[in-house]
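One structure, pasted below without further comment.
Note that the chains are named A, B, C, D, E and F in the order they appear, and that numbering of residues resets to 1 at the start of each chain.
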Amino acid sequence: MQLSGRGVACVRGGREVFSGLDFAAASGEAVSVVGRNGAGKTSLLRLIAGLLIPAGGTIVLDGGDAEMTLPEQCHYLGHRDALKPALSVAENLAFWADFLGGERFEAAESLATVGLDHATHLPAGFLSAGQRRRLSLARLLTVRRPVWLLDEPTNALDVAGQEMFGGLMREHLSRGGMIIAATHAPLGIDSRELRIGGTA
Amino acid sequence: MTLIDLANPTRFLALTARLLPWLAGATVILLAIGLYQAALAPDDYQQGATVKIMFIHVPNAWLSMFVWGVMSIASLGTLVWRHPLADVAAKAAAPIGASFTFLALLTGSLWGRPMWGTYWEWDARLTSVLILFLMYLGLMALWRAVDDPSRAARAAAVLTLVGAINLPIIKFSVDWWNTLHQPASVMRMGGSTLDKSFLVPLLLMAIAFTLLFVTLHLAAMRNEILRRRVRSLQMMQASRVAFSSGAREDGASKEVGAT
Amino acid sequence: MMSLGPYASFIVTSYAAVALVVAILIGWIALDYRNQTERLRELDRSGVTRRSGRSAVDAS
Amino acid sequence: MTALAALIRRDIRIALRVGGGALIGVLFFLTVVVLMPFAVGPDLALLSRLGPAILWLGALLASLLTLDRLFMADHEDGSLDLITMSRTPLELACAAKALAHWLAAGLPLIVATPVLGLLLNLDMVATGAVALTLLAGTPALTFTGMIGAALAVTLHRGGLLMAVLVLPLSIPVLIFGVAASQAVIVGPMTFGAPFSILCALSLVSLVVGPFAAAASLRHGLD
Amino acid sequence: MTALAALIRRDIRIALRVGGGALIGVLFFLTVVVLMPFAVGPDLALLSRLGPAILWLGALLASLLTLDRLFMADHEDGSLDLITMSRTPLELACAAKALAHWLAAGLPLIVATPVLGLLLNLDMVATGAVALTLLAGTPALTFTGMIGAALAVTLHRGGLLMAVLVLPLSIPVLIFGVAASQAVIVGPMTFGAPFSILCALSLVSLVVGPFAAAASLRHGLD
Amino acid sequence: MQLSGRGVACVRGGREVFSGLDFAAASGEAVSVVGRNGAGKTSLLRLIAGLLIPAGGTIVLDGGDAEMTLPEQCHYLGHRDALKPALSVAENLAFWADFLGGERFEAAESLATVGLDHATHLPAGFLSAGQRRRLSLARLLTVRRPVWLLDEPTNALDVAGQEMFGGLMREHLSRGGMIIAATHAPLGIDSRELRIGGTA
């Protein structure tokens, strides 16, 4: 499985963010997207996720499930965590598991993995910043997708949480998954660096 | 001359610059003939001299629908073919179409007073035209409210296409519901029932108003293209100021405007 | 002079209204054109050019 | 299918929890119905004549008041991103959301109509007719309103602009809904003609709404 | 003072940009006025009798449609935290926000009344009377509605619940507003009595509204 | 100037988060609040800012402006950035400067300091995550307040941004200011550690 972009260009709000960007990632490989604030890291992840339309170039996934589009094979973990404060932790997770469909894992187990098993029945609105992030991570575990697109995933995680997350990423890669992560902090795993917009 | 050639705004400006004087001339001449013929037309045995209102009411009413039709096609151009001039065309047409609709409503109600004894009646034809007018206003409001033209264009296109459902309702409202308004007599299956002495000036006026629309529309499109050029140049100027202050080391904000 | 009958005022009003609205449309479009070209010329004077390198006012 | 069912279940659950449950919906209509006599004046004959109009306005109001957040809330918390990316076609997801909205906001009104009819001095037949028109017509309000809700997300705009764009689309629904109910109450028209138009409007909006909303969301990606 | 002026300026600016400008407000009322005849039926005499009620309902609608986001938006983006912490008393800040809301959503209606009056077949005097009552009464709608908006934040609830809380409070305003306008149009009551009650209601709400809203926000801190 | 808390207790959603917490900070001193996710760091900052009401204990500022309450002398920089997407960068900053009042600095200069001068007229909705964070920082510079309450302030900042921010904090401390910051990452300046809820 190989994800590759050729000459990708991005325009937002009528202004060109970057252009002529080439990148590639293979199964079991992590790419960390780096660059200064406003360079276009988030934009690149959203382009891959199909949430922005490229102003030029192409992004293709070779060797994935031929029946599915690229976005359908991606998990996108952005700044906004897609949680409903009125629903409980378990309900939030169960909804995404049902809605996203496909191969899936025990929700209760994923909650235990990310250390939220004591909060299963709390409303998501009661969670602290780091706990919300952990709940988002549980979504990645419950529904299997080969490509993970992570936007500053370690934000708000405590030290133990970052270690736990490092373990999850390594496991995902070892199963043949692929990770594209935009970060300013070290990711905690071996990764290839993709720099956008010159040195910071 | 193909649609592809027109896709280049600069070429469009050049072409219309040459075309516009001729169009304007033709409009004026036809309008003059039409008005003259309308003045010569006899009084109707039922409606008396008020039938003269027909010569402006009907062309305006037709155009109010025609312009929305043009906008709908332009909207397809925006959404499906992503033709660069499509949203310019749609945006420029809206105020003109709204004016025609307003005039159709106004002349209609001025005609209604002597004919039906009331300026306004909530019947299907009148109501559907009023909805058309409100939708024109809504579209114009939408264009004004959103400063990013491409974003506004796509939203407006969806709304225009949804609103196009109103067109057949206007057209056939007189057939579907028995209303005060008269049924179609010119554009109907099986030929016109209108007397020639009315038909000729009416058609002349209709053609004249259509030409008027084309002229105004092209001119308004030119303005719109220039407005976008101004906008993108101003944004370029703003970012150039930023470069001179040394905030950015690379050209991270190249402008991508309409032209 | 043609006779317009008892409803002359309605007929005249509608023709006048059409003339007025069309005049306003034409006036607005002409004014808009003046404004835009003026702003383009100003931008040109302040040295902003389009990417194609042509002058900003190069409208044709 | 499970995906759509999950979406509908979630949206209803949130609507009931955040909106305060179906009871609030009924309470809202009750307030609107109680409010009208004050606005119009306490004339019972006039009131029963206006009855269907008042109930229909209540329905319109309820959908306007809640619809503009239909997609906005999902957009703001990032859910919409995931919904767009998912395997479920966006059109179906939009339809599911609208359906959930109708179940949570439209249905309670219809259930409450008999009670409200009493307050408005409507007899049994008239109440039944109004309830039937509401059942046939409120889906159209929701499904056309959805277009406005999608535009609100695309344009990053809300409030009155949305209402201005949506209201013209809902005028026909209102006309025929009220006309059909009036036909039963005062005659002389038949109930059938406006009612079948109402049903036609609902059917058209069931198709056009999701497509227009999905198109608007897709083209407004950002 | 500069603090309050800044708050008012900001809120108006956002309302105009996001809502699409004061013109949208007028367009909204136009749509509501156009809508009513459909609901009520095309009877000009009835319409002109209902005219003031329709305009008042339009005003109520516009404030309901926009009010529930009054504090919610500031709460969601964290502005409300900073406003609560600041030196400006929360009561004054609430009053300033309500004033800005009234300027952006209430005033356009009053300005547009003459045009709308024409459509509703109201004569000059009646139109003037309605405009005057709206000028005196719409602040009361905004300032009582504000209490509901504050409760919506405190309770983490929105939508219909808000409307249910606010509507009963606005009923008196509506009654006396319509009564005063009707007095001018059909008599036999005098304009003065209901009008002065309307003014009194507005004055009371100008005081009670900000205090109640601020209290609710303070107790809802979270 | 001395900020001190005695026996502070916090209850949220009916559950006790922490209790009997003592802390103190003096002029020119930075305290970094640490603890695992959900320990109550954010809650503590909100207690100090007056945005939560303590379930027990007291928090007082000695030696500050006697005319003002503690929250009025604090800047609170939370996860939510109090920016309006519809207003431009300059308008957003100008509003907070006018509204918060008091001693203040050139807004344009603060924007230049945080590296946003090229974006002055962009709507805030166009900013990237890091740019939004920088704009929030500009607020702290434009209006002078002695106490800064910062909740994970380096989130989303790039490496250059973190350095810039370190400089800003050092300058604030050297002017006699005080910083209470909740963080998982090192703050980049010398600081006293306040641990909540046992070791992570």
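Here is the rule we go by: a contact is a pair of C-beta atoms (placed from the backbone, for glycine too) under 8 Å apart; a residue touches a chain by one contact, two chains touch by 3 or more.
Since the model is a prediction, treat every value here as computed from it, not as a measurement.
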Where each step is a move between two chains that touch, what is the least number of such steps from chain E to chain F? 1
If more than half of the interface residue numbers appear on both sides, call it same; otherwise different. Which is it for chain A and chain F? same
Among the chains, which has its CA centre at the largest distance from chain E's? A
Once you count every C-beta pair in contact for both, which comes out on top, A-D or B-E? A-D
Please work out the Cα centroid separation of chain C and chain D, and write it as a whole number of Å. 42
Calculate how many whole Å lie between the centre of chain C and the centre of chain E, each centre taken as the average of the chain's C-alpha atoms. 38
Distance-wise, how many Å sit between the C-alpha centres of chain A and chain F, to the nearest whole number? 29
So what's the Cα centroid distance for chain A and chain C, whole Å? 52
Out of chain A, which residues touch more than one other chain, so two or more? 12-13, 38, 79, 86
Per-residue multi-chain contacts in chain D, two or more chains: 18, 76, 156-157, 161, 164, 167-168, 171, 175, 222
What are the residues of chain B that contact at least two other chains? 127, 134, 137-138, 141-142, 145, 239, 253-255
Mind pulling up the chain F residues that touch chain E in the complex? 12, 49-53, 68, 71-72, 74, 76, 78-84, 86-87, 91, 94-96, 98-102
State the interface residues of chain E toward chain B in the complex, per the touch definition above. 17, 19-21, 23-24, 27, 30-31, 34, 37-38, 41-42, 44
Give every residue of chain D touching chain F within the complex, in rising order. 156
Over in the complex, which chain B residues touch chain C? Could you list them? 10, 13-14, 17, 39, 43, 48-50, 52-53, 56-57, 60, 95-96, 99, 102-103, 106-107, 110-111, 113-114, 212, 216, 219-220, 222-223, 226-227, 229-230, 233-234, 236-237, 240, 254-255, 259
Residue ranges of chain F in contact with chain A within the complex: 12-13, 35-38, 42, 79, 115, 122, 126-131, 133-134, 152, 155-162, 184-185, 200
